[in-house]
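In what follows, subunit A forms one complex with subunit B and a second complex with subunit C.
Moving on, here comes the complex of A and B:
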C-alpha cells in the first residue's frame, strides 16, 4: 500500500515519460521484522477487543522511567564505597582537578599503543599549576612505593601521565585533597 | 627502477646444458618425477598434526550464554552516587536505566552477574534480582538484611527490559517471559542459588544455613520497616514489576490496555 502511494506521488511530481519509467521502479523499504509493518496486518476491527486497566498501575510504568540527566548524589548518608563527594568549597591549592559528569575523579588506566603491557595512569581535567600537582603526586607515590616514578606533563591537554598502575592511590589522594 | 617488460628473456633450459645432467632434481623418486607428498605426510610416521591431542577450548562458544559482570563495589558506588534507588527493588531494568551498563541480548548476553569485588565493604540493603551470583555474594547481600534472587530472561524479554520507554513507544504488548533452557533449569530451581523457580520455604532454610556457614546473624525480616519492598517479587512469566504480559502501555495518554480475547488471555495467563 505504501509503495503504491509513493509511486503515485512520484508520478504526479514528474510528468516526463522518461522519468516515469524510472519512478515506477522505486520501492519504499518495508520492515517485515515488525508485525505492525507486515503485509499480514489487518484493519483494527479484526483484532481483539480491549479495556483499560486501572490507573493505579501507572506508578509501575513511572518506576521504569530513567533519569533524563545525571542525578545529583545524595548527601545524607555515609558512603560505604571508596567514593566520596567533592568538598563544597574548592581546596586552597594552586591547581584544581575537575570531576567528570558522573561525579567521578578523572583518573584512568591506559595501555600504551605500542606495547600493550605498559600501563599508564592518566589524570585528566587539571586546571591551574599542573607542575605543582605533578610534584605533589609524584613525591606521594615515591613515598608509598619506595621506587622512582616516571611522569609526563601535557599542559595543553591538561593531563599528567605516570608510568605504572597507580589509579587507586592517585584517586584516593585527590579525593582526600578535596577534589 | 625496473627494466622494461619483455626486455629480459629467461634463458631456456636446454637438454644439453650442464652436461645434460639432472638439473637439480636428483636421481629417481618423487624429486625427479615432481610428485611431492601431501602436506604433513611424514612417509609412514605418525604425523605431527595427529601426534598432539586436540584441545577445543572454544567449542560451542556461539551457544554459550554470557553474563557481563557487575561487582558489589560498583553496586555500592551506584547506591552512593544515587544512580540506583535502593528503596525500590533493583532488577535488570534499574541497572540498565542507570545508563552505566549496556546489555546486548543479540550478542548472547542474558543479563548481569554480581561478582564479589568490594564484598567486605558492601553496606547496601537491597532487594536485587540478577541472573547469576556466587555464594559469597549472596551472603554479603543477606548479611545486610537484603534479599537476592537469580532469574532468567529470554532475549525477547531482555530487548524490552533494556530500554522500556522505547519498547512502550513501539506499541507492542509486553511479552511473556519464557521458561529457562534445559541446561539452566537446574540453576534457577536451586534454593542455594536463590533461583526464582525454587521453593520459598527451602530458600528460607538455605538463608539460615548460609548465615550459619559464614557466621553472621541473619536480620529478622518480619520486623523490618521495608518488609513490603523486600518481599516484592515478579511472577515467573512477568518481566516488569506490577505490569502483566499482554498489556499495552500508552505513554502519551498515560493509559494501560488489556486484551479481552479468550485465546490471548489463555496464552498470557501466568
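Moving on, here comes the complex of A and C:
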C-alpha cells in the first residue's frame, strides 16, 4: 500500500514538469479491477503488520451478529407472556396444528373485505382430520360466546376460518391442547 | 455383463437428518447403483418428511407450472391503431353540406379498415415472479408426489461403466423406470459416460440440483437423484424453512433496485 501511494506521488510530480521524459521512462498501468493487469501480491513483509488483540473478546462480537437460523426457545424459565411452548409428546388427537418456525401458534386475524371491517380468524398449518378440529373448536367457541359461530374449512389449503375475532380464544385452546 | 466389485452390503445404512422432525417419521428409500444393469440395493436411507412427505398442494403445483411456462412468454401479436394505419390524414368530406355523416379520417376505428382501439400491442411480456414460498412449496409438493407415486429413485452416483447409450436404455428398462428419466446430481459437470450415453436420447436428461424445477419433474416420468444431490436439496429447503431472515427472501421481487 505504501509503495503504491509513493508510486502515484512520483507519477504526479513527473507529469507536470518533465512530460517527454515521463512518457518514455515510466509506463505503469495498474488496473485493479482486472486480474491480469493488477499488480501481483508481494511477500508479507511488504505489508502492514497486524497482531491479535484478544480472541476471547470475540464472543461480544458474535452475540451481536444476527442469527442465520431461528434459535430454539429457552426451557428453563417461566414466561412473562401468555405464550407456552409446544408439548414434547404429540397430543392423542386425530389432528395436529404445527407451530410456525418462530414457535408461535398459527392463528391470525384477517380482514377480508375492502369496505367492511369483517374480521376472520384463520387457523393454518393443520394436519390430519381437519373436520374434527373444526368441530372441536367451533363447539368450544359457541360455549364461550353463547352465539352461533360460522366457519369455513378449506381442505386443499388445510386451514379453517371463523367469522369473527376469536384469535385469543383459539390460541388459548390450541396451547392448552398441547399444540 | 457388467459386474461390480464392492465391499459387503449394506454400504450406506444411515443418514443423519438436519432439523430432526419432531413428530413426523422420516421416509425410507433404497439407494441403488448405476454400475450394473440389474438393480443392486446398496443401502437404506432416511429422507426428511418436511421435504419429501408433505401433503401435495395441487394448486401450488399448478401455479408453478403456469409460472414456468408464462414468465418467459412474449406475445408478438400486433394491431395498428388509427394513427398507424396507412392513410387517413385528410378529412374525407366537408363537415356540413353533403347530407352524410361527419368524419375526420377514413382510418378511425368506426370505419372498415380503420385502426383497432384496444387490440394487442407487440411485444407484450408476460413476465412475473411467483412468490418465494409458492416456489419452495411447489418443489416440496412435487418431490413428495414423486416419492409417494414410486417415481423417485436414489442412486449412489451417476458413474456408469460405459458410454454406450444401449447400456443406459437397458438399465432404465430393466428397473422399470419410466419412459423419461431426469437424472439429478449435485455438481453441474456430470461424468463423461452418462453424458455421452444420455446424449443419444431426448428423454434421458441430466440436471444439476440447482436447476431442479416443478415443470421438469412433472415432464419426466421418473426422477433419479444422487445421494449428494439429495443432501444438497434437503439442506437448502430446510434452511429456507428455518431461516431467521425470511422477510428478505420473501420480499417482493424488484426488476431493478436503484
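Following the convention adopted for this analysis, the second predicted complex is superposed on the first by the 114 of 179 C-alpha atoms of A that agree within 3 Å, B and C clash if a C-alpha of one lies under 4 Å from a C-alpha of the other, contacts with A are read in each partner's own complex, and residues count from 1 in each chain.
To be clear about the criterion, a contact is a pair of C-beta atoms (placed from the backbone, for glycine too) under 8 Å apart; a residue touches a chain by one contact, two chains touch by 3 or more.
What you see is a predicted model; the values in this text were computed from it and never measured.
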| item | value |
| --- | --- |
| Contacts of A:128 with subunit B and subunit C, given as first, second, both or neither | neither |
| Touched partner set for A:157, first subunit B, second subunit C, both or neither | second |
| Partner chain(s) touched by A:57 [first = subunit B, second = subunit C, both, neither] | first |
| Partner chain(s) touched by A:96 [first = subunit B, second = subunit C, both, neither] | second |
| Residues of subunit A touched, compared between subunit B and subunit C (which is higher) | B |
| Partner chain(s) touched by A:66 [first = subunit B, second = subunit C, both, neither] | both |
| Partner chain(s) touched by A:49 [first = subunit B, second = subunit C, both, neither] | first |
| Set of subunit A residues, in rising order, touched by both subunit B and subunit C | 66-67, 71 |
| Complex contacts: residues of subunit B adjacent to subunit A | 73, 76-77, 79-83, 88, 93, 97-100, 118, 121-124, 164-165, 168, 170-172, 240-243, 247-249, 251, 254-261, 264 |
| Complex contacts: residues of subunit A adjacent to subunit B | 34-36, 48-53, 55, 57-61, 63-67, 71-74, 77-83, 102-103 |
| Interfacial residue positions of subunit A with respect to subunit C in the complex | 66-71, 90, 96, 101, 127, 156-158 |
| In the complex with subunit A, residue positions of subunit C that touch it | 22-23, 55, 57-59, 239, 241-246 |
